[in-house]
Each structure stands twice: as C-alpha cells, then as structure tokens.
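Before I ask anything, let me first share the structure, which is written out below as structure tokens.
A, B, C and D label the chains in the order they appear, each numbered from 1.
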Amino acid sequence: MIHFNNDYNRTAHPAIMQALAEGAAESHVGYGLDGWCEKGAALIREAIGRPEAEVHYLLGGTQANYTVISALLRPFQSVICADSGHINVHETGAVEHCGFKIQGLPMTDGKITAEQIAAEAELYRSSEIKEHITQPRLVYLSLPTEFGTIYTKAELTAIRRVCDEYGLLLYVDGARLAYGIAAADCDMTLPELASLVDVFYIGGTKCGAMFGEAVVFCRAELAENFRSYIKQNGGMLAKGWLLGLQFATLFTDELYLNIGRRAVEQAMQIREAFAAKGIMPYIESSTNQQFVVLDEAQMAQLGEKYIYEYEKNLGGGRHCVRFCTSWSTQPEEVAELLADIAAL
Amino acid sequence: MIHFNNDYNRTAHPAIMQALAEGAAESHVGYGLDGWCEKGAALIREAIGRPEAEVHYLLGGTQANYTVISALLRPFQSVICADSGHINVHETGAVEHCGFKIQGLPMTDGKITAEQIAAEAELYRSSEIKEHITQPRLVYLSLPTEFGTIYTKAELTAIRRVCDEYGLLLYVDGARLAYGIAAADCDMTLPELASLVDVFYIGGTKCGAMFGEAVVFCRAELAENFRSYIKQNGGMLAKGWLLGLQFATLFTDELYLNIGRRAVEQAMQIREAFAAKGIMPYIESSTNQQFVVLDEAQMAQLGEKYIYEYEKNLGGGRHCVRFCTSWSTQPEEVAELLADIAAL
Amino acid sequence: MIHFNNDYNRTAHPAIMQALAEGAAESHVGYGLDGWCEKGAALIREAIGRPEAEVHYLLGGTQANYTVISALLRPFQSVICADSGHINVHETGAVEHCGFKIQGLPMTDGKITAEQIAAEAELYRSSEIKEHITQPRLVYLSLPTEFGTIYTKAELTAIRRVCDEYGLLLYVDGARLAYGIAAADCDMTLPELASLVDVFYIGGTKCGAMFGEAVVFCRAELAENFRSYIKQNGGMLAKGWLLGLQFATLFTDELYLNIGRRAVEQAMQIREAFAAKGIMPYIESSTNQQFVVLDEAQMAQLGEKYIYEYEKNLGGGRHCVRFCTSWSTQPEEVAELLADIAAL
Amino acid sequence: MIHFNNDYNRTAHPAIMQALAEGAAESHVGYGLDGWCEKGAALIREAIGRPEAEVHYLLGGTQANYTVISALLRPFQSVICADSGHINVHETGAVEHCGFKIQGLPMTDGKITAEQIAAEAELYRSSEIKEHITQPRLVYLSLPTEFGTIYTKAELTAIRRVCDEYGLLLYVDGARLAYGIAAADCDMTLPELASLVDVFYIGGTKCGAMFGEAVVFCRAELAENFRSYIKQNGGMLAKGWLLGLQFATLFTDELYLNIGRRAVEQAMQIREAFAAKGIMPYIESSTNQQFVVLDEAQMAQLGEKYIYEYEKNLGGGRHCVRFCTSWSTQPEEVAELLADIAAL
C-alpha cells in the first residue's frame, strides 16, 4: 500500500537520519544548552532575517501551542482563533486545561479575517463589564490552515494592524510551514512572515524531522523565562541536542524550503489529475494536503492501492477524503497515483 | 429613581433580614455543620420531593457553577451549553480557568434542544480519534435562561433522554429559579424539575436572600467529597449558618415560590403595558426579566424616573433594554411604571 | 454552654447588624461599584495612611489568599511560608489547585525569619538549573500567626529587606489582624504595617463583620485587573455593598481597633488565670487565641460549661486546647471563666 | 574529555540506533496505534510477568510523572513523597501546576518508610476537618532514588501494605530502573516489583533509548482514558512508533537488563577505586550514580580529563560530586578513570 494519508507516516528525511547518526558519536551537554541547539537557532535567525529572535525547541505541536499560550497569557485572558483551529478542535482541550478560554470565530476556508478579529476585540474594549468577560490577548492562526489554505501577505498585514490596535499578540502555528511557504499563493517569504507576527513555530514533525518544533519569538522579550515554562510543561528533552541538530540540518542548504517545494509540486499534480477527471476539491488547497470529493466507487478503486484519510460523509454517496504529500513522498508513488486517477 | 435594572439591588427580603437578626443572638457551629444548614436542607428536600438529595450552599452563581463542574468532570471532559449560557459569556472564563472546555451550541431564545445536544455527543461517540477531542460529560442549562425564557417539561424530558443515551450529566443553573417556576409557561413543579436533572442550584441572591445559592445533588453519590471542593474553591463560609437560615426561611411557608409569583405577575403587567403601546419584546419572556425594544425618545422619557439596564444597540435608533422585577419591587413602583409606559 | 472555641461563632457586631439593616432600605449599584465600597476603601486608606492604596473586598480568607496569589504569580513561581501557614495546611490545597507550589519552611512559634527566607531565595538565585525549579516570588506571613503570635516591627523590617534584595513580594494574611494590632508585643501601627508589606488583607469575618475580608494593595499597580481575578475566582458578590458598608462601619470611630483591644484584654485575663493555676501555654500567645495545656480532669471540669477547641493530644494525659475570645465575648462570660479556672 | 557527569549525554545505544534506522524504511500508523507500540507493550508485559498490564509511552520523566498523577488524582487529593523526590524538587512545580499538592516527608538516603507514610495518611483519616485538608491518594517513590539508593523488597512490601490499608496508590518513578534492578542490594526482579506497585514507569532516556519512558499500569483499570490524558498533556507523539520500537528493542534479548548490569558493574569499580584511596561516598549508592566527597585538589586533578557533575559545597574545602556510568560508558573510559583515581 502507498501512503498518502498524512505527512507523518515516515521516520525522517535521510539527511536528518544521517545527522542523528553522526551526532551519536559524541557526548553532549543536556537540556538544550548544547552547541547544536545554538547552531539550529542561529540558522533559523538567519533564515528569517531576525538576528534578535529567540528560538526554543519543543517536542510536538500541541505542546508548542499550549506552552506558548501559557507563557504569554494571564488567567483572565483568552485566545481568538478560527473555530476550525487545531487548538480548538484537535488538542483535547489542552489550552483550556491550562486555564484559558478559546473564542472560536466562524472560519471561511479555515481562515478568519482582520474584521472578525477587530469585532471580537471591540466587544471587550467597549464593554462596561470587562471584569465579567475574558480579555482577548492572542490571535492564533495556522499557516497553512487545517484545510491547507494560505493567508496572503495582505490578509496577515491587516490582522497585524488589528492586533496592534487592540494590544493583541499574533501567533502562527506552522506545523506545516514548509508546505505553506512553498504554496503558489503564498506571497510571503519566511522573513516577511516573521516581520508580521510575534511568535510562530516552524514545524519539524511533518516537514522532514523525526520529531520537534522550533518556536520562534520574534520579539525576544516575550521569551522571558520560557525555559521554565518548557520544563514545567514537559517539553524539556534531556537530550536536547536531538532537536538542535535536526533543525540545523533542516536550515542548512535550504533543505526545509526544498522539502516544502517538492511536496507542494507533487500535491499540485495530484490536484490537477483529480480536476482533469472532474473530481472537485472540498476546499481549494494550494499546499500538500488535498481534500477531494469522491464517490464510493472511486474510493474503493483508489483504496485498493493507496491509503488516504477519510474526512467526512457529505451525503448523497459523496465523501471528503484527504491525500497528503510530504518530504517522504516518492516521485514514482506520485506517478502511479496520477495514472490511477486518470484511469478512474 | 426607581430601580428596575436588575434583581439584586436590594439587600434581602424582610423575612430574611429578620431571620438573620434573630440568628445573631446565638452561637453556632462553623463551616455549615450547624442545625440551620441541616434544617434548610431538609426543607429543600421536602419541597423538591427527594428525601435522598444532598444539599450544599455556595456564595454566588459563578462559584456554584465552576465548583459543581470541577467536582463532576475529569480533565479531558467538557461542558455542552447554549452559546449564550452564563458560564460561556459572563463568568470571566471561570470554567476554563478550572481546566474545562465549554462547547457552546447556537441558541434559540436562550435555549438549546435535545437534538443539538445529541448531535454534539454523537460527534464524540462516533469519533475514531477520541483521544484528540474532549468528551462531552455535562449539559448546562439555565432555567429561566439568560433571556428569561423557559424550558418546558417536554423539552427537558427530551434532553434528559439524550443525557441518558450518551452518559451525560444534566445540570441546571437556577439563579432565578423562583421566577422560572412561577412562569405561566413553566409546566413543571420543583419536584418534577428535580426528577429530570442530576444537579441544580436554587438561586438565593436574586430571589430574596442576602446572598447564597443552594446546590442540590438529586443523586447523592454525585456529591461525594463535595465539601472538599467547596473549601478548595473558596466557597466555605466560616459562618455557614447564615446560608442555612436564609434557605430555611425561603423554604418555609412557600416564601420562595411566593416571591417568584409576585415578581412574575408584576413583570407580566409591565410586558402588557409595553405591548399595549406597541412596544415589542426583544425576546418573549414569561419571567421577571423583560427585554423590550425602545427608541431613544422612549428611553429618555423612562430614564427620567427609572433605572433600567441597557442591553444593546439594535441600529436604526432602536435599543434593547431590560426591566426587571424582583422580590423587592413594590406594587406602587409597578403602578407608577405602568402609568408612565401608558403615557409614552 | 459558653463558646470560647473560636472567633466566628456569632453573626456580627451589633454596629454591623445595624448598618446592614439600614442599608437594606435602599437600592444599590451591583458588583462592588457602589458608594459604600468606595467609602469603606477611603476609610481604610485613611486608617493605614496610604492614600494611594487600592482596596478590594473578598468573601473569606481562603478565597482572598488564592485569588491574590493567582493575580501576583506566574505559573513557574512559588510561595514561601511557614510550614504551619494557613495556606499550607488548612485550605485544601487551594493554592496548589491554582497551580502554584508552596515552599514551607520550618516555623518557630508559627513564624519564619528573614534569614530562612533569604536562604531559600538564595537557593534559586545561585542555582545553575533555574528552569528545573520554581522561582520564589511571594512571602506569605500571618499576623497574628496561626498560633496567635506576632511578628515584631524589627522582624518584619528584616523580612522586607530580604524581599527587596531578592525581588519577593510580601503578603500578610490578616484574618485576625484586629487582635494582632492590639497585642502588647505588637510594636506596629496599621500604617507602619502597611508601609512594610506589598499586599495584606484586613480580616472581617473573625473581627466583627458578618463575613468579608478587605484586600489592600499598598502598591496600586499590583492590583491591575484584580476585579477580573475576583470574578473568575468566585469572589464577586452581586450585592457588593454588603462588604463595603461592613468595612465602612468597622473603620468608623476605630471600631476595628477597639474590637481588637477588648478581646485581647479578655484573652490576657484568661492567660493569667491559667498561669495563676500553673497551667502553662502550649505556645505563648499575646492575642485572642490562647493555647493551653490541660489534663483530662481539667478538660472535663471546664467542658461542663464551656465549649473550647481541642487541638491535640500531647501524651501523658496532657492535651492542648484553645480558648478564643472575640468581639462577641461578653464580660460576664469572661468573669465566669476566670472564676471557674481559679476553682480548678 | 570523558563524560561521567550524567547518563544522558549520548544519543542512544547502537541497537536502538539500528532499530530506528531500519524502522525508517516503512510507513507507520500514527499516534502510537502501530504494531511496534503493541510489540513493545507485549514484550514489557512478558518481562514483568503481568499479561493484564497496560503500557503507554511518554516522552520524558517529568511528563510521565505529571500525566500519571493528573490521571489518577482528583483535585482535592495529594501526593506523598520524599522531600528529595524528583517531582518535589526538579520539575519546576509541574505537579502543582496540574493542581495537586505534594506532601514531602523527610527522607533518609533518598527514601521514606512505610511508617512515615502511614503516619501522614493517618493524619487525614483521623482528622475531623477533612474538608480543610488534602487527601493523600498516591505515594511517589523513585527506584533507584535521586541518590542512587534502593528500596528493598521488604521495604516496598511494607509500603504496599500501608497503601492498601489507607487506600493509597503506589507509583514508582523508574527513570533509572535498569540500574536499580541491577543493583546488588536490589532483591527484586521486575515481576516482583510489578506485583507490588500500581503504576510505574520504565525509564528509556537514561537507560539506552534515544528518548521515551514506558508507563506501566499494573492494574489496567487505572489506565482508563489515559490516551486522552497523554494528548492533553502534550505527550502524544505523531510518530509514536519511534517509542514502540525503542522499547521493543530494549526488551528483546534482555538488552534493558544487560545495560543496567554493565553500568552498575562499572560504577562499583569506580566506587571501590575511590574507597581504596579513602575517598568516601556522600551517600552509599549501589547503582550507576556515585556521589563522592572530594577536596579541591582532587577535583582539579580529575577535572583535567573527566567531566563530572558538581553537587554541592560541603564546607571545609570538601565538595560532593557525581560520577555516573551508563549504557554509553566504555570499558576503556572506566579503566582510565580507575587508574587516575588510584594516582590521586
């Protein structure tokens, strides 16, 4: 069977495997205070064009999200996000478990707008009973979103302006950032993205690493005591160098960007193959996740050779399923799928 | 100025004041272990027809809500309620602060339906990734709702059935229960209500008491260790008898029910007076809170003599405001208001 | 039976009862935004000589303690206190429930020293693995302590100096502050106390009020958003004026100080009566709580007429018990007890 | 420089590296639902002789500890442990951050006794104000302890008896379990240990794995919903098979036990070498951590070639330092150290 179900079904990019094997030959300082962690951070700072940024590593996306939010918010403050936001629907209430309310706004294609955020923030600002409601303090966006869509530079700039106007922090969940930056409709570079947000994380787990996410504080003062939050929240790896050297590898010779480019290219071929057969996307995605609407015969036929992810029953015999590419998707696997789609 | 803005602008019903004064003559056992607390509980058990119920007193509604929820839920579980539910919008995120996600469903007239609850619970039951989402465990309803509306016996029975089907606890916030039970469209008695829910609280603060709410566990086993939760959550009054004797007073000679009846009668007169002038309710309420739509001239004219609560700007020069009656509303105050409405 | 078991077995001082009764004649603004709350705060500011202080009311001591600590600490910070501190032993883990570690230091007569605090703070300052341990951020003291003892001005000044040196906040739990200030060995006035601490609370419940504690932020900036914390933690009374007018009454004509003086005078007579019989204190207390060591015959004899609080079995037929005076202790009750002690 | 400072300065045992490399060739099911996770669990169940045990993997020790405690305790319950317990001193208050009080008892050589635990539990059982204090619910032990010492079977059996008597759960932190089981004075096998405790974790990070700990619920019913707790607490690895195959490797051909045996043997040689020079242990340890007392000249001399961990200044020019062996310690490194100790 060929896996197109997700972007985390293989261990790690060969370059990462090799780096880990090489790193195994030496002894290292523990808890992320080693040279590899510093090197990874330096390469990230360079790639995003922000020499003053502070970089910390965490083990997974859920952990990155709730740890960052715990460090940035006070108990009476809340998070604004799309109602489809990962923290709102797929993290077992981890943010609430840390004590914070999430205010989910109705999404369109996985996204929310500057106007929606402003309206929500204005409710608090103009309230005469502020102590009875939570204060919005942080906007959580995903880039790409849970549906594979992209915020444009104009959209993100407008959101940044609202954040400045209302004293909100802007945080971007970049679990699949490599694939987002590579999208044709992403008109931002990494440095441009970094200049618009306060904090974001660069996803490793789904973008070539064995595991790990790099949290980037574009404003270093926001990272104060963050190592205490990491430890308290179970994210401090004794062998921290494992994270540092993976990110150092990903940010050497543009590996991270290249991984994104290749997978997105493959995804676009798949999108076109489906379109050529009149099979329409559930949501138009320009990144590595393709959500398409299949009938049951098509599902069965493709299901003989491919593992895809079932999303939901749309009624009338039609179903939404996901095909994902990733750093591990092989050209011959794509070629085979393209042929099989054409033969549907 | 005459106050119709809310139902908590006066200290306490004269019978309560007298009982507190009389109780001041003696020494009492502390922390709610005195005879008054037991007497209040016994009278409540009798009034609701459930000899096995367990009764505990708390100091206010927010505290009652989050303490009950903290005692009944485990960290991965969540609460279903109307998006307009008090816990969701006016308690500064207290439930989330205790670690629990609230799943707000779109309300109609302040209410949610058995079907909505079933659909939400079914999402979890049929999920194949249960560990990534929270498990709905408790349904929170308000009776009357935040808009003064009432769940009928049929509606509540249907919700009970869904709760049984999906293993959900049913909890009713009765901050204004006296006014709810007294409503013409409330086709339930207290014993009938108690037979349909797992836990509810009988509001004191807004229904004649100086302060305090009585939490009733219709299934006593749910109250296990509840005194520990009360203490940990700041609700254990050293002079607990203050609560016991207030509720003993409210549940002697049907005072609680009578308070509700009188205030609702007054509210209905006000509703009719507005209707007679063609002034329509924002939402049809059969209880002590009347939400009406006024123009600015009407607001100014009534504002000369009455304090009402401003709710929101409906646009086009129209505004929603609230007129509230309560145990403290005097007949002559109502008469004056009726005349002034007629003269608008 | 005559109650000497605690200082919260009667409802409220007659002046408080009268003020509450008078306040019942009018309508008030809700949630502590009324004139009584402001008047009480103004009188407290005057009594402590700090016009810039911010005053908020809470409903009980446990609630005051955990709400203040929640507002002042970040999640990785901790509280230093005596191992016998009320928050450490009698509040059902409320501070930990809010997420904060308590570092209990061995007490002597209920107190800890500046040296102990400095040593604990130094452990963090000199640690090379700060992110693995919590950062001490607040010192909690009780005045008087749980054993009725007093910090002298010199002791408190030394602790203040350590707090300044290590960036610690100094918070005093004044559940029985009236009795502490009145103690012969308390060489501080309220203004002197207020000049040495960051935050303290003036106990009402045990010092004449029906219920309620006044939290005083001597540095107003520490009170930022405190009303949000009050609401979130269940402490915002709808009828907030009940608290304001109680404290306004206590701080009119030195009622609060007089309550303390009288009860301490009575306690000293009891102490002397016991001493005259060779009955020794368990701990020397200069305030309204007297812990004495009785044998079983003495316990039985006094137990015929008096209710005292049993503390613990000291072995050898000797037991520690507590006799408490308070605002409600009558002169004739004391006279009777003195005679009965003399007759042992 | 040769590293004897800790047992986590190298990446992973060669067998683990090879297994990870081999596993990289295939696609896997995510989130720990793959065959490797099941195989690892089966091998562990076999090794501990408990076919009914439930095994879950977490990423590190702090995370394992607070996630297990969060799942097993209710908010008013607390944990009993040695005051030197890792959760009490080196996890940044993570357990309190999850809401639970830790009751640290004075340790002797890193251990607490059944008598101490019974006395603490008895305080609650015999308390008449249970709602004011936390209820001890879980005993946390480390095996080996933070000082490298061992609970004997008799000691653990006595603690088990106390736990049964008082309704306490018994949890063992086995971060270094391989080295504990291998100790000469450890008179328990893994199955014997498993028969005495409710939950324990088998440390991977310090015992040969790249990262990861296996939590074993000896009573499967305690593991109910544990996957929800794992996800909510940031411990659910997308590529869960990485953990499964590491533990499958460690529990194939007794690798885990052999790793322990070799490192302990090396540590004993080092202990004897120090003793032969009259250099005494700070605490007698029979496991891979050796705490010895050096003077400054000795420290300087050994510091030229070896990295050890500095513990604390004992005064009088004497210092406690730690030499650690581990799976990665090479025979020639030990030989060199032995010679250099002999030459001191």
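As a convention for this text, a contact is a pair of C-beta atoms (placed from the backbone, for glycine too) under 8 Å apart; a residue touches a chain by one contact, two chains touch by 3 or more.
Fair warning: this is a prediction, and the values are worked out from it, not measured in the lab.
J.: Select the chain at the greatest separation from chain D, using centres from the mean of Cα atoms.
T.: The chain farthest from chain D, judged by C-alpha centres, is B.
J.: Weigh A-C against B-C on C-beta contact pairs and write down the one with more.
T.: Answer by contact count: B-C.
J.: So what's the Cα centroid distance for chain C and chain D, whole Å?
T.: Chain centres of chain C and chain D, defined by C-alpha means, are spaced 42 Å apart.
J.: Averaging only over C-alpha atoms, locate the centres of chain A and chain C and give their separation in whole Å.
T.: Centre-to-centre distance between chain A and chain C: 51 Å.
J.: Could you work out how far the Cα centre of chain B sits from that of chain C, in whole Å?
T.: Once rounded, the distance between the two centres reads 34 Å.
J.: If I count partner chains per residue in chain B, which residues reach a count of at least 2?
T.: Residues 75-76, 91-93, 97, 99, 129, 131-132, 228, 231-232, 236 of chain B touch two or more partner chains.
J.: If every chain is a node and each touching pair gets an edge, what shape is that graph: line, ring, star, complete or other?
T.: Its topology is that of a complete graph.
J.: Help me check something: in the complex, which residues belonging to chain D touch chain B?
T.: 31, 70, 74-76, 99, 129-132, 135, 225, 227-232, 236
J.: Residue numbers of chain D touching chain A in their complex, please.
T.: 1, 3, 6, 8-12, 17, 20-21, 23-24, 26-30, 59-60, 62-63, 66-67, 91-94, 97, 205-206, 210-211, 228, 231-239, 242, 307, 328
J.: Can you list the chain C residues touching chain D in their complex?
T.: So the residues of chain C touching chain D come out as 75-76, 78, 89-93, 96-102, 129, 131-134.
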